[in-house]
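Labels A, B, C and D are assigned to the chains in the order they are written; within every chain, residues are numbered from 1.
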Amino acid sequence: MPQLSEITNKIRESARKALESGKAEVVIGYRQGTIPLTTAPFFARTAEECDQLVWSNFARINLANYLSGRTGKVALVAKGCDARSAVGQVTENQILKDNLYIIGVPCSGMIDNNLVTAKEPRPISEAVETTDESITVKGGGFSTEIQKADVLRRNCATCVNRTPKLADELVGPEINGGAADDFADIKALLGKSLEERMAYFKDLIKDCLRCYACRNACPLCYCPICFVDETRPQWLGKSTDSMDTMTFHLLRGLHCAGRCTSCGACETACPVNIKVREFNRVMELTVQSNWRYEPGLSWDQKPPLTMFQTDDAADFIK
Amino acid sequence: MTEYIVKQNALADFFKSLASGRRLLTPRGTGDKCKLGETPPDQVTLEYTNTHLSPKSLLFPQTERLMAFHNERDKPNGYVYQSLGDNGEPTVVFGIRPCDARGISISNKVFQNDRFTDPYWKGKIDQTVFVGLACDAPSPQCFCAAMGGSPFGESGLDALAFRQGGDLGLKTLTDKGAELIKAAGAQEANLADEIKKLEATAIEAQGVKADYKPIDDLDLMDLFKDPHWVATAENCLNCGVCTFFCPTCHCFDIQDEASERGGVRMRNWDTCMSWLFTVHGTGHNPRPTKTERVRQRFMHKLKYIPLKQDGVRGCTGCGRCVAMCPVNIDIRSVALKMTQTAPSPA
Amino acid sequence: MNNPYLPYPVRIAEIRVETEDKNLRTFKFEFLNPEDEGKFAYLPGQFAELSVPGQGEIPIGIASSPSEKGFVLFTVNRVGQVSSYMHNMKAGDVMGIRGPLGHPYPLDKLKGRNLVIIAGGFAVTTLRSTITYLLQPEIRPDYGKITFIYGARTPGLLLYKDEWMAWEKRDDIDVFVTIDREVPNWGYRVGFVPAVTKEVCPPPENTSALICGPPVMIKFTQPVLEEAGYQAENIIMSLENRMKCGLGICGRCNVGPEYVCKDGPVFTLAQLNRLPKEY
Amino acid sequence: MSDFEPKIVAFFCNWCTYGAADLAGVSRLDYPPNFRVVRLPCTGRLNPKFIMEAFKRGADGVWVSGCHPGDCHYIAGNYHARRKFILLHQLLESVGVDPNRLRFSWISSAEANKFQAMAKDVVENVKACGPNTTFRKEELNLGLAEVA
């Protein structure tokens, strides 16, 4: 049962070393949030600033998002999924491998705030966390202990890459195991009628505000001009039309196919709690079953859509 | 400015009267599903923190059709835009929080500015009576008092309601509000002292001691040029969640959509966090990176709006952006940084 | 209630290709409903939203002068969706204009003063309006000496050729037209606008400068004027920014607290010096 | 259903299926006229958003056809396209778009007969699906009555 403070100290130490040794000009990590149940991305450039870095059960945002297009040497505090995204950034030529130093943090999963507030609906003014197994939330006249296992994000509950194996260093003992996403719900959904499926996905995105927080939080979405922002021609209307919204989610799902590491940043960022990852999971399932490809697990693997086999099976093409 | 009281056992009749002849909108649902909705009078609840999204969409929907044309070029008015009207209907909003009502009064000065009146906004606001519900239990991210408001704030409201044990206290603030409350059968009562006491307790409970006054006194250009903006914006994702949730963010985009039969001109919420927001046809962009865009948002809330609206800040302290920001950019911390701006030698 | 979003329907009476690259065309509009012309009462320096149903709107400076009755003129550069569409429209087609928007040049306050009017490229449009307005016999005596400096890259990119040639023949306005590089059979000046300004601009006493042009021209002309002794209050410029509503509501064209559409587009340099350079 | 004449947007590769359509025409092979053809330099050029846009704007069906694997004019364009199609096909079917509305095929420029048969088959399939009512933008509400 690792103490969070231990990991925090190790991260600070590694960060300072990375800065001192010139492996990095900046360390991208997390600092304590200003409200309970959050952390914030933090850019440490001096030894003093490294003291603000922390490890937490709320380190949800994927920091690999800050890598694309960055010049200069950078050290990244990364969970298993983040490290995979960082590797993806390298294989997709968004950052030079030589400029990237990964401080890997074996991760036991991050907490979904919505599950916490479902368990403790009273306004929470403080969250105390000492280990990576439970938290205590406090508010006006109450103090409730919550087991992390009960409030894990869904992507964390099915994570099998908890230890960032390609990291330059690890700041804690490896964490392994866990049951992989069996896509049971997606498979069950695909067994339903076309109408039911359409209804399911339309209902899924009915609250979407088209703020594109999912896109902006996603380390895969680094296009200088996203297709939703193209103006000539303008592919998507800007209104709340449900079909425009659907097109956005479908195309984003396609664009992330074979690249998504299930880091859950999109769902964390979504202000109206849409299960954005459903689209990515459909694609993930397709990619895995067709090409057995999992992104971000080696430096030299090529993303499935940058290559082909002459005998790729596609029976539906007549 | 008269106070009234509605006894617990008369509440059902009171809400019934509010709803007679008009729509009654009150907050419904919990958590991220809490929003203003048409409510049968017997289902009005006072148990909620605040609506998930700000109530601005009531007067300024995310998508609003402004005008339409039919593609009949041979007819006299065939290919010409005609207004679709303001779509307003008589409405009572009960239970809007004072922070959000203040947001509406700030936006009202934009939509009805010194030169132009937005007919779509005006059509709706003129037909709406706002009865606020004071906050006796502010949530942890609330800071209206620090921004110059109050959990018992009156700006933008026609009447303010507050919980008085099991009863409902009311203070009318405009003629529109007085007419409504009187007609609903509330009884006059002298509650001025009581309100003062409750307000003080509520402000105390908020416990925000920050003083943002220095921003008001600092020079616009000093605030603008301060080097902190680079670090402040560094972790911003430029997603715009803050702007979509903000009760005073009122920026929009005007778009035409057309088919063979005709077309519609509509306006949609837009966000200053997007690079597309300001880019010129030539490709030149006055706010090219997230640093300028983040600075624009906070300067707009905390300096530009106060300069244009007699010192009233564009942030009402509702705390939505603080709670919703995926990377925890907290307007309170940013405002604090702004107060520390070094004034340039005169 | 008056709906400021609703365009007045107009018919394109005439389209004139202004430049050799054919990227600039001047549209002459006539109001479909004659009473709208009275409602569209404008002064030089104001702009309007040109509205093509189904395509969108673009903010364009008004090139005609209020003294020209029965029509309004706009010179449109082909850049984006709406302007490209307009370049394919024909005389007789119906579209809309919405305005007038913004504040005009403060000609009222400039009565009795000398004016130096400096234009670069196709930004000359609202200054064409200004000069046409000022040269009316009943208006002209209200002002002192008028100097007009106008530059473009090549002769083919100069707008309103017939008009400035006619102005040149008059003795109540000094016209200096310049192009960037020497070409054969060019009978006027050669050199950039700032250099010409330095040479010909009148002394700053009782004189105001109106400038409209591309950013690079303004950047280098402004110091020339300041060096010549012009006060920032007397240097008057017109800005542009991306706009949508034109009414100070939609929020994108702001320069600090001022909206270019509602509070501008005309600002004095003194005002701009106190504002962020977000334009 | 017999009255229903579907609108089908067809994306044909310039080097093969487009030629096959030509050849079918020259050879007087009858095929239904329900297609609006968009000529592409290669199926590799087909951005999935083209297909979405077609449906969104009310197409009842979409037909994409290019060169047989191995025959690409640009050597590998259709191999890359095939991977995209696999994903797109799965994605649209997963969200409830009837797979009979979306056809992919390989037809070389010599295969006029295959083109004819395929065209008939595509139209029949789309006809069986009926008009596209679910995966399209709603008809613009012009509010004509309101403006009278």
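In this text, a residue touches a chain if its C-beta (ideal position, glycine included) is under 8 Å from a C-beta of that chain, and two chains touch if they have at least 3 such contacts.
Just so it is clear, the structure is predicted and the values come from calculations on it, not from any experiment.
Of all chains present, the one whose mean CA position sits nearest the global mean of protein CA atoms is B.
In terms of C-beta pairs in contact, B-C outnumbers the other of B-C and B-D. Note on chain placement: the centre of chain A and the centre of chain D lie 36 Å apart, centres being C-alpha means.
Between chain C and chain D the centroid-to-centroid distance comes to 50 Å (mean Cα coordinates, whole Å). Counting partners per residue, chain D has no residue that reaches two or more other chains.
Shared interface positions of chain B, i.e. residues touching 2 or more other chains, are given as 67, 69, 82-83, 253, 255, 257-258, 262-263, 270.
Residue positions of chain A with contacts to 2 or more other chains are 231, 237, 241. Each chain pair that touches appears in this list: A-B, A-C, A-D, B-C, B-D. Residue ranges of chain B in contact with chain D, taken from their complex: 65, 67-70, 82-85, 257-259, 261-264. Interface of chain B with chain A (complex): residues 30-32, 49, 52, 62-63, 137, 139-141, 231, 234-235, 237-241, 244-245, 253, 255, 257, 266, 268-271, 274-276, 322-324, 326-330, 332-333.
On the side of chain D, the complex with chain A involves touching residues 48-49, 52-53, 56, 69-70, 76, 79-80, 82-92, 94-99, 103-106, 118, 121, 134-138. Partner chain B is touched in their complex by these residues of chain A: 33-36, 38-43, 61, 65-66, 114, 117, 121, 123-125, 139-140, 209, 211-213, 215-217, 229, 231, 237-241, 265, 268-269, 271-273. Remark: chain A residues 231-232, 234 touch chain C in the complex.
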